[in-house]
Amino acid sequence: MVPLLLILIPLLTGLTAFFIKNEKAVRSWVLLSSGLTLSISLLGLTVLKEDKFLQFQCEWLQTLGSSFSVRLDGMGQLLCLLNAVAYPLILLATWNSSYKKSHNFFALMLLAQAGMMGVFLAMDALLFYFFWELALIPMYFLCSIWGGEKRIAVTFKFFIYTFVGSLLMLIGILFIYSHSPSHSFDIASFYEIHISSKQQQLVFWLFFIAFAIKMPIFPFHTWQPDTYEQAPTATTMVLSGVMVKMGVFGLIRWLLPVVPVASYQWGDVITTMAIIGMIYASLIAIQQDDLKRLVAYSSIAHIGLMCAAIFAENQSGMQGVMIQMFNHGINIIGLWIVVEIIERQFGTRKISELGGLAQKAPAMALLFVIVALANLALPLTNAFPGEFLMFNGLFNSLVTKYSVWFTAFAGISIILAAVYTLNMIRKVFYGNMNELTATVRDVRSNEKLALGIIVILIFCIGVYPQALLNVTKEFSEAIVKKADILPLFRGH
Amino acid sequence: MSITQILFWFLSVVALFSALMVITSKNPVYSVLWLIATFFAISGHYILLNAQFLAIVNIIVYAGAIMVLFLFVIMLMNLNKETEPQKNRWQKMAGAVAGGCLLLVLVAALKDSDIKQQQALVNGGSIGLIKNLGKELFTTYVIPFEISSVLFLSAMVGAVVIGKKE
Amino acid sequence: MINGLGRNRFSRTGVSLVGCGTILGSFILSIWVFIQVKDGNTHVADYFDFISVGSLKISFAFQIDQLSSIFLLIITGIGFLIHVYSTSYMKEEKPEHFGRYFSFLNLFIFSMLLLVMGANFVIMFIGWEGVGLCSYLLIGYWFKKQEYNKAANKAFIMNRIGDLAFLIAIFWLINKLGTVSYTEVFSSANLAKLKAGDITIITLLLFAGATGKSAQIPLYTWLPDAMAGPTPVSALIHAATMVTAGIYMIARSNLLFSLSSVTMDVVAYVGLATALLAATIALKQNDIKKVLAYSTVSQLGYMFLALGAGAYSAGVFHVMTHAFFKALLFLAAGSVIHAMSGEQDIRKMGGLGKKIKITFITFLIGCIAIAGIPPFSGFFSKDAILLAVYVKNPVLYGIALFGALLTAFYMFRLLFITFSGSNRGSEEQKQHLHESPSSMTIPLIILAVLSVVGGLVGIPELFMKGGDKFSAFLLPVIAQQDAHTVSHATEYMLMALSTGLVIITIIFAWFQFRNYQQKESSGFGKVLENKWFVDELYEKIIVNPLNKLGDFFNAIFEKSVIDGLVNGVGKLVNYSSRQLRLLQSGQVGLYVLLMVVSMVLIFVLQFFLRK
Amino acid sequence: MPINYYIFLSVALFCIGIVGVLTRRNAIIIFMCIELMLNAVNLLLVAFSKMHYKTALLAGDAATTAGTDGQLFVFFIMVVAAAEVSVGLAIIVMMYRNIHSVDVNFLNRLKH
Amino acid sequence: MNALIVSALLGVLMMFSGILLKQKKALRNVAIAGMVLLLMLNVLEMAGIVLFKIDTKGMMVFDRFALLFTTIAFASTLLYLLLSARDMEKVGINYAEYFALIFFILCGITLTASFKSLLILFLGIEIISIPLYILTGSDKKNLKSNEASLKYFLLGSFSTGLLLMGIALIYGARGTFYTNDITVFTEAKPSALIVAGMLLVLFSMSFKVSAAPFHFWTPDVYDGAPTVFTSFMATIVKAAFFIAFIRLFDDAFGLLQSKWQLLVAIITVATLFIGNITAVFQQSVKRMLAYSSIAQAGFMMLSLFAMNTDAKEGLLLYTAAYSLATIGIFAVLIKMNDYSFDGFNGFARQQPLLAATTTIFLLSLAGIPLTGGFLAKFYMLKAVMISGDHLWLVIVAIFMAAISVYYYFRVIQAMYFKEGDSPPIEVSRGFKWTLVLLAALVILLGIFPSLLLNWLYF
């Protein structure tokens, strides 16, 4: 019941929102909807823990071998929660931004939320694919209609890029389907397939490219900075906070356990790619003058680490990735909120045109610095346990011979992350004010509330990450066990 | 060489020659006339194959009705001169070569077919007679026959639509 | 123990009260703790599972034993003094900045306490990064000046480099032992499990982490720049406490380090090299705080030298004495700066000794202490180090002694230039010259007293039966290595040698700088003045290439290669579309021709190419 | 007569028709060439019909009507051809009325 | 059988009502009523109620597949008439005759959907083609329409010639026109006559469904024909040809699959490639849709390639989804003043409902999930995938589908993201509701395809 509600609430409210033409009303409606989603998600996490609440299945497309099967499991819980938390935050933070035809804007946002929920919940490959696309389409419209100057071309590139990826995934799904023993799209039958190593590699790449584009992993990332730059900030928050997690999520649920042998064979290559991407993106981020692009590249670097940690294929890495997905979502939304405030006030995102904001906007500076430091994975902020576990996983990976080197090089990126983050803080918030920034006003109460919640989350999770780790514990154990191919070797 | 064979070869040569003349004549009227000649040759073949009904229909419908219609249209348009300017030579050449190749390929493909030993019955058999055909047409083939009326209806409506002055 | 952050809503007095009060509370608690652990107890308080994944369990736990209690005392004690000092030093700041200052300072104390009290490496790491953060925040405290902010960034980033090594060391430990808690890692069973190679790597990595935090070669350059922060901060963080975290860490892991002679040598040599290098640079610096900063680096080098020589307790002892006299020196310098209205260049000072007596005297005491003249505290700790080094290798001893002489020389150079001779400052500064208020001088005096007598807790057995209490106290934590192999005579001789040489050096310095006049330095002096051009070197070989690389990636690689590939596909499609549509010429003849040609081709394929 | 002769003859006529379509640009002549192709088919069908008839005869079925369907097919082809001609010529005439030409090379308003 | 006879009769009825009824609205209503009747009778036949029981001597068989397709075609035609019948007025004066021709075409469609004899196939194709030649040229004053008509006629006749040659060769080899008898047993080596005939038939059918390299007529004809008829040609008629295509190859050459599968693959790839790539650079939406119809044909060819149950089910779904979507787009396009992409600029602001439905149609054509187009494509790919080791074909198809997004989304971009100032267009309320119904059907097919496909079995 819970997963069904999680999908249906945003879906139905989203559809209704198209018809609420009054801006105030639609805002409240959306806030109500997202609040409801959040509370249901929390209920699912705390009270309704029995299987009967967390599962829903009904017949659908049975001739195709597919059914409407959704379930909340460990990772799903966390990501649905992220999705549910993100929306109220975003709404709060952008309460003052006005959008023309706002009912359409919010309706599309909710549809995207429904799509993402579905992705996180689907237990059927075809259903997964459906939601995967359902999440993408509203994004396309959101970015193209309400985005910046170059929005059309940029968004289109984003769309085509991800669409190509998802089509490849579709081939992969079909391929597995046609080789699955029960000719079914159910995830259980996907986990049972036996195909040769060559076929596994094929499927691996088909899936991986889709996920790599979504995440994005170097060198599939070029859509991302442009899109983040052009999209309206509320959408960017959804994109970077929640949507990119779809790729990571996909890797964990749909790739590693399905084709463990190929994942093992290509693990080193992927990890290398991810780590090159981390350093590459960090170096570029150092050179960026545009706040949005800077955050975008930083996101690439962070996601690269998650990808690398996934292919470490051990529990430390896996759980690290899972909580990091949540934390990165929270943190990056925080960053975007501040970027949005800055852009709205000054009409520019150029770091070189800003400066000295801390003098007149100490609250903003403080909140931003905290979020930025969390982005750096400073201890006692939420990102630290995640990164710690991921690095630990990477280092202690049994499936690669180069774990030390991987860790060392990945580690370089955390140094570089310090460089660009601190430089940004220094140039934007410190130093002397110029004519432009002298007009700064501090954060409004709604923004403060949103950022405040984020900061509280940052510290709570930072101090007691075990709460989240417990949620994903069993799930990650199961995944790691499924992905483990060492018994195969022992068997032969 | 029996008379039938002589006739066969003769008719074949006539048919091929006049067909070639159809496509090479500069004047459209000549083309029509050569085409009629071809049809006659083909009708000759039909007779040779003892398909009298078709031979007659061929002459009446094709040579008689259709070709007259063609001729009529050509005359109407005043195309009875060598109005056609020289077509692009390369395209002509290419067309001829392509057609030739197709012929070559088809012949090469079909020459060793499994029925190459078989013969077509010449000068005998009654299936081509009007009695047999008629019986068959109005029993087994009555549905297609009726359906072809729809075809004619649509052609008629079509001719009206196209031809009617607005 | 965990302080509430004094936030900026309070009035200034409120902030000072909260800030100082909490630290005082901590201090009192520390004393209580100290008494508790005096007789060799170790308390481990396990609060909750911080991270527990698979077989890896990291709990949020504190461990208090002798080593940490010493550090607790130093941190809270000196911290308290400096808080008190700060209340007046910083009083010209705006209220909210004043509050910010104290909240940072308290946050620092919190992190530092976390660092020393953590019961495992991860908690230590948390504090470790936390102090780095506070250092960053406090260096960049005057955030209007981009120079300061750059210094702050530099400090943080260099620390991060070290942190990374530390982190990898932790992973290595997890990999080999599956645990990070001290009690388990240092249990003999676990230590026996480790291979020699692993130990060497782990300890080297830990040491690399320490070089970042404790400003050793090659990561020392941030510390002098860190003097951009308010002077009390320099005193607290960049002299007395945070920078000694590295020493704490190595002392904490002494069991591990002792198992790897390679690492021990590396630690010793790096420490010595740092000590010498920093000392030479300090000879030519003109900023009063910079001199002290290099001196700190140099003294930290000595501490590492001690650790490398296996004299852990000597190292920790020096940490303590150094905390006293260096905090004193910094605070005194702060007082000088305060008196000179913010002037830090010693070339513009001079003759201050008469005007600000208390400062002068306390500064003098600090100098004597650092120079190592008995019976001041510095003498005992430095002597313990030198002795340990002598045992390890007499040549090293010689070099270390030379470094000690340099220390004496530049410290007294500083003293004489600042306080003797005639005042070279502007008229206004001369007018303004005054002694600091009592809230500043009292900490100075307390520290001066401590600098004088602090060494006595570690007074060697040579002078007093039952001496060397310090080492004895630390015995449960630090296995005693330095069994005395030198005779008492040698020990006396060494002491006399060092003391004598130091005094000669001081006298030499007196003649040199009694009446300091500004003059251009040349040749080698220039190199020293420019700090051996190390910063420039780093800039050239690391920062610039990275920037260039980033530029290249950003401007060229990203746009033309990766994005170019993606867009290229689109362009290719577009181009082929433009070409392909020309096929659709509108000519029926061509259409038929193409159809016939493809028919021919398909026939050929079907009949003649396929078997 | 060996059936191959008829096959080759028909195919030859058929290809001549195709060549005509390819090389001429007068719409009427192209149309005539198409009629030629149809006639080639007709001839082939009749020949096959007689072939099948003969085969059936040789198999011993004296009263066979095998092959009738082939000739009837020819009949239908003629029917269709007649209908097609009426429509085709109407279209050509309409074309001629508008542009006073039946040259297919002038048919190039629609391209790319 | 019901449909066959009634559609012919309706054609005749329309011919006469053209004389009797002078009011166009009345004519339209008669046509629509006739269409409803036709649809109902066809549905009745699916339920087992057959009004006319005539022995076709096995030349036709009205099986579920045929009936379901004719139902789809009739339903699409009904919607088409509801949306676009009014626009036929603009084409010319022969309003009643257009309806008559459409009914004749439907008669032909019934034939091509249910033939078991090559003769019926031939007649069906001709009954469809001849009225189409006329409809294409029905805008007599328009040179483009003339030109399209003539081109279509010449090329169409040419392809008929090919078809007949093929049939003749097959007849030569087998002595029968019944499709089931052509390859009733497996032979070690099929007769060259059959193979050659099959190829010629393949070419001809490829021509009819506008598969490359026999597609050249398509863009020109679709572009030149009056838009209202392009809509009909590009959807229902093309679907009918496809049904004939797959039926023929299933019945007659199913056992020879190894002989033609590679060729079909080549044709499919070429079609996908040419259709999609060329569509990218078009400036006119109408012409783009023509190329897109080629591209879609490429996808439908996949069902021919795979030739299994999934393929047939999928083809039905595909024809339905594709027809509905394309009819919808064309219905909107007819209303536009400017057929170029720029003509759609700012359309969403002017006509939000039309823009929204058009978007749904375009998404369906592009194959975005939750629309019928996606499931249709999905069925095709799945059919190919389970038919054996043909991953490469699927990958090609997928990449081409990705390219197709490019040109479909150009329209969406123009409608939603660009500013335009074209004069407003007038549409009736009924038109809007029909369009919404159409869009709803497209989405319904995308979510519950079983609503349609279950009819095949139950």
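In this document, chain identifiers A, B, C, D and E correspond to the written order of the chains, with residue numbering beginning at 1 in each.
Assume contacts are C-beta pairs under 8 Å (C-beta built on N, C-alpha and C of every residue); 3 or more make two chains touch, one makes a residue touch a chain.
Values in this document were obtained by computation on a predicted structure and should not be read as measured data.
Q: What are the mutual neighbours of chain B and chain E in this structure?
A: C, D
Q: Would you mind telling me which chain pair, B-D or D-E, is linked by more contacting C-beta pairs?
A: Between the chain pairs B-D and D-E, B-D carries more contacts.
Q: Find the chain most remote from chain C, comparing centres computed as mean CA coordinates.
A: That would be chain B.
Q: Average the C-alpha coordinates of each chain, average all protein C-alpha coordinates together, and give the chain whose average is closest to the overall one.
A: Given all protein C-alpha atoms shown, the central chain works out to be A.
Q: If you average the CA atoms of chain A and of chain C, how many Å lie between those two points?
A: Those two chain centres are 37 Å apart.
Q: What's the distance between the Cα centroids of chain A and chain D, rounded to whole Å?
A: 66
Q: Provide the C-alpha centroid distance between chain C and chain E, rounded to the nearest whole angstrom.
A: Result: the chain centres lie 77 Å from each other.
Q: If you average the CA atoms of chain A and of chain E, how far apart do the two points sit, in angstrom?
A: Centre separation, chain A to chain E: 43 Å.
Q: Please list all residues of chain A that touch 2 or more other chains.
A: 160
Q: For chain E, which residues are shared contacts with two or more other chains?
A: If we look for residues of chain E contacting two or more partner chains, we find 119, 123, 126, 130, 133-134, 137, 140-141, 151, 154, 158, 169, 172, 192, 195-196, 219-220, 406.
Q: At least two other chains touched by the same residue of chain D: list those residues.
A: Residues 3, 7, 17-18, 21-23, 25, 30-31, 48-49, 51, 55, 66-67, 69, 76, 80, 83-84, 87, 91-92, 94, 104-105, 107, 109-111 of chain D each touch two or more of the other chains.
Q: Between which chains is there touch?
A: Listed by label, chains in contact pair as A-C, A-E, B-C, B-D, B-E, C-D, C-E, D-E.
Q: Touching residues of chain C toward chain A in the complex: what are they?
A: Touch residues, chain C against chain A: 8, 48-54, 56, 60, 96, 100, 122, 125-130, 133, 136, 140, 143-146, 149-150, 152-153, 156-157, 160-161, 164, 167-168, 170-172, 174-175, 546-547, 549-551, 553-555, 558, 562-563, 565-567, 570.
Q: Write out the stretch or stretches of chain A touching chain C in their complex.
A: Its residues touching chain C are 157, 160-161, 219, 221-223, 280, 283-284, 286-288, 314-316, 319-320, 356, 358-359, 362, 373, 378-380, 384-385, 388-389, 391-392, 395-396, 404, 407-408, 411-412, 414-416, 418-419, 422-423, 426, 429-432, 463-466, 469, 473, 477.
Q: Under the touch definition given earlier, write down the residues of chain B that touch chain C in their complex.
A: By the definition above, chain B touches chain C via 87, 91, 94-95, 98-99, 101-102, 105-106, 108-109.
Q: Hey, which residues of chain C end up touching chain B in the complex?
A: Touching chain B: residues 589-590, 592-593, 596-597, 599-600, 603-604, 607-608 of chain C.
Q: For chain C, which residues are in contact with chain E within the complex?
A: 570, 573-574, 576-578, 580-581, 583-584, 586, 588, 590-592, 594-595, 598-599, 602-603, 605-607, 610
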